[in-house]
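I have a structure I would like to understand better, so I am pasting it below and will then ask my questions one at a time.
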Amino acid sequence: MTTVPSIRRSGPLFALCMVLASCLPAVAQQAPASAGPPDPKLVEDLVAAYRILADHGLLDGWGHVSVRHDKDPNRYLMARGMSAEMVTAKDIIEFDLDSRPVDTHGLPISALFTERYIHGEIYKMRPDVVAVVHTHAPSLIPFGDTKVPLKPMYHRAAFIAFGIPVFEIRERAGMTDMLIRNAALGHDLAEALGDHPAILMRGHGAAITAPTLQRVVARTIFLSLDATLQADAMRMGTPITYLDIEEARKIEAREGHGLARTWEGWKQKVMSKP
Amino acid sequence: MTTVPSIRRSGPLFALCMVLASCLPAVAQQAPASAGPPDPKLVEDLVAAYRILADHGLLDGWGHVSVRHDKDPNRYLMARGMSAEMVTAKDIIEFDLDSRPVDTHGLPISALFTERYIHGEIYKMRPDVVAVVHTHAPSLIPFGDTKVPLKPMYHRAAFIAFGIPVFEIRERAGMTDMLIRNAALGHDLAEALGDHPAILMRGHGAAITAPTLQRVVARTIFLSLDATLQADAMRMGTPITYLDIEEARKIEAREGHGLARTWEGWKQKVMSKP
Amino acid sequence: MTTVPSIRRSGPLFALCMVLASCLPAVAQQAPASAGPPDPKLVEDLVAAYRILADHGLLDGWGHVSVRHDKDPNRYLMARGMSAEMVTAKDIIEFDLDSRPVDTHGLPISALFTERYIHGEIYKMRPDVVAVVHTHAPSLIPFGDTKVPLKPMYHRAAFIAFGIPVFEIRERAGMTDMLIRNAALGHDLAEALGDHPAILMRGHGAAITAPTLQRVVARTIFLSLDATLQADAMRMGTPITYLDIEEARKIEAREGHGLARTWEGWKQKVMSKP
Amino acid sequence: MTTVPSIRRSGPLFALCMVLASCLPAVAQQAPASAGPPDPKLVEDLVAAYRILADHGLLDGWGHVSVRHDKDPNRYLMARGMSAEMVTAKDIIEFDLDSRPVDTHGLPISALFTERYIHGEIYKMRPDVVAVVHTHAPSLIPFGDTKVPLKPMYHRAAFIAFGIPVFEIRERAGMTDMLIRNAALGHDLAEALGDHPAILMRGHGAAITAPTLQRVVARTIFLSLDATLQADAMRMGTPITYLDIEEARKIEAREGHGLARTWEGWKQKVMSKP
């Protein structure tokens, strides 16, 4: 598994390295080998994931969801750069964990999501993670920009009890355009994520992980809703009883059964659109 | 009518009892007898109730609504475990008040809503209740997690004047996965509900009752809206005039006439969807 | 023009009078004469008004909009009791200013809106008013229940500068079911309205007036929006610059031109629905 | 390029001038020459811009978007006065920078947007500006009415770091109907805008500029969203980390690539409507 040393991502030397590195792919690198065609059902669910998150206002032309290839944990699947509500099966592209495309379907590299490194670097560090979302969900922004920690308000968002850190890109790379533009920044983000289920990105959004594709979609929806509810409850000016970590553990241990039902409803709604 | 002693729902002895009890149905219990086919109009309205509450964002793959069988008050009708917006007449299942299905239509027990005991146990304790909703309505969560009592802001939510208690599952069963997984917890919830029209469930949602199916849907919608309005009014920092209990009594005494009109509109909207 | 003495609407004597009065119509009163068929364009716009307000979440099965008959200022037009989004031209009924129907189209009196007296009594007192809305608009409720006066935040809601009083039904009739159930209460409300463009009703909603049907719809929409914006601005904790009454006068003097454009857009949206 | 001296816009003398000026066009002025037919793709995108902003609730029958003519920077394109969601290619009209129409398609001057001077006067002063929006976006109103400056909460709204001033029309013209009714007021607004990307208008709305049509639409959407998020974050009662101006510069330098994807999604949604 490739690792990137955790140096400070700034300064003229670093900039030079990045420029050189960005030239390398076209010159020296071969496209990685394919793990073979993924399960069509998995691709169908990935397409649905894009549309469900778009329907909930959590993805648009920015933000993305990925899933590990079912035939090889060293490959992941993700849409080409496009608006989430328009994704179809033929837009799904296979990447290796360095976030290099296996086959771009004839598209230039610039037609891919710049921030795909969020996904590849998390998959490298976290073998337990099967699916990743990067979102700009509005309700999360105020929590990323303040020092107020997100807390679990109710059982659908119980996983928040495991801790949601905040990534401050300035600490790693100084003043940037805020994007996770390369593997080094992706590595920094994955490192800050650690063993947590999700991480907020100050002034930007969040990255969310889960052991299944359906759960990463649900976690994104309920993380976003929980933020709204917590902000509402905080304004009431009285103490709040959050879920206990023990409650969260018991809920997470059983998660999935009810979700399959909800997934069916979400999916039908978005896939029946013309 | 079966009653369950109100002991503390925790400890090793209790856990053992629960394990044994959970094995019993498959071994020793017969399916309860049917009360016969319910009025098709009642089933149609129950289907509409699922879809209306889904359309209002108050049910999804979690949460449910039930109604007593029109031919037998010891039976109730409820959908199999599924997303509310997809419910049709053939998904409606008959239960006895111990929440045992009369006929699962060939489905395994795991395909039913786990928390059906909320409904059965309330029907046992409250002969006046004809319909029950269990919802995770977002606006109610902050009130369940704080000590701020819900109050009636306007005449559509007048029934709140009769008091909305909060159920703290930790007091009954310690640290759990928050679900009303069995008759014992359902009994505890019904006991805490007492004679009130509804009860909030800390970190979870609410259970709402009414003397008719249409009213339980309306109460769920307006309980949820009232919570939003009360939170807004509290932030204004000045005293609030809530409805008086006498006003609430007069409103409730007449409730139903205008509701029939509204029901017609709500129902047409959701039943005309493809 | 019939007027009703402004006595206190409670006590046993008053109750007896009301009971007797409620029997009178069926026994002694003749249906009022029709002013003849109204302009079909006016009826079409009234139907659109119901649907536009429903589309904005400001009317449902409760609440209504009326307009004076174009051939006789002593008659007004209003839908039978029904959900606003379902109103069609054949549901429009003609009333005299005592709110007696000219012809119920064969429907019983109970199929009419109970609170039609809001409209009739305002038309009696205010010859300048051509259209009236009664709404339960959620954002208005917190202002009706507190002592915080509504203020004009922006030019679309400039008319608020003319003052929006609050009607406290308890001061007139003690503890009631909150409804404007008869001409006496309608008279009280109209009296409290005075020369103002609208009045909030504590724990209930509002009545809004305007010199045209299009403007009463726009006023309802922007009164409701202004309430949301004012609540938001108040939470910022700094002084707010509201519109000056002189600004409001200049805006109102020109109102109508731009509204015709907006009306066309609103109407097309709701009338093209199946 | 015509300029208007920046005198105080009030008093009887000024009123007389305005009356005389308003008579002039019909008497003495010729319609300006056309720059020829604009690129059909530009017109199509302008139509989409109206509908996208309507779909986001940021334009209705009031408010407008314009773009400079692709063949002549001294001409701009804008819809006739109408509801944004109904605009089609044949409704687009060409104006010179004094906001005189080249050809009204047979419509009277009163059928054009009164406030078109916002656009013409900004184009005169700001050669870098290619597109302008005037909106009544609700979330911006509380910021225009208080002294709370808008700040950039996240990278999609980074341009806010360049400063968003507030235009107080009272300082220029005393008590008015709040509208930018003529070139003089448009000039005042453009002067207050200066080099900033946008300006709030107290009690009214905002004017937003950008170097492309797609970006002015995106800026309008994210300016509005940022205002909501900032208000939410301010209520948390802890310090907020806003984007640094250096971060904003880097983001703006790259802006456009991701936007093309999002634009495709927005456009498909609104143009596929019947």
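Labels for the chains are A, B, C and D, by order of writing; each one numbers its residues from 1.
Simple rule for what comes next: contacts are C-beta pairs under 8 Å (C-beta built on N, C-alpha and C of every residue); 3 or more make two chains touch, one makes a residue touch a chain.
No experiment lies behind these values; they were computed from the predicted model shown.
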| item | value |
| --- | --- |
| Chains touching both chain A and chain B | none |
| Centroid-based (C-alpha) most distant chain relative to chain B | D |
| Averaged-CA centre spacing for the pair chain D and chain B, given as whole angstrom | 50 |
| Centre distance in Å when chain C and chain D are each reduced to the mean of their C-alpha atoms | 35 |
| Multi-chain contact sites of chain D, meaning residues that touch two or more partners | 235 |
| Touch-based graph of the chains, sorted into line, ring, star, complete or other | ring |
| Residue ranges of chain B in contact with chain A within the complex | 54, 60-62, 81-86, 110, 114, 136, 138-139, 141-142, 144-148, 170, 175-179, 202-205, 231, 234-235, 274 |
| Chain A-facing residues of chain D, complex | 152-156, 158, 225, 228-229, 232-233, 235-236, 238-244, 246-247, 250-251, 253-254, 257-259, 261-266, 268-269, 272 |
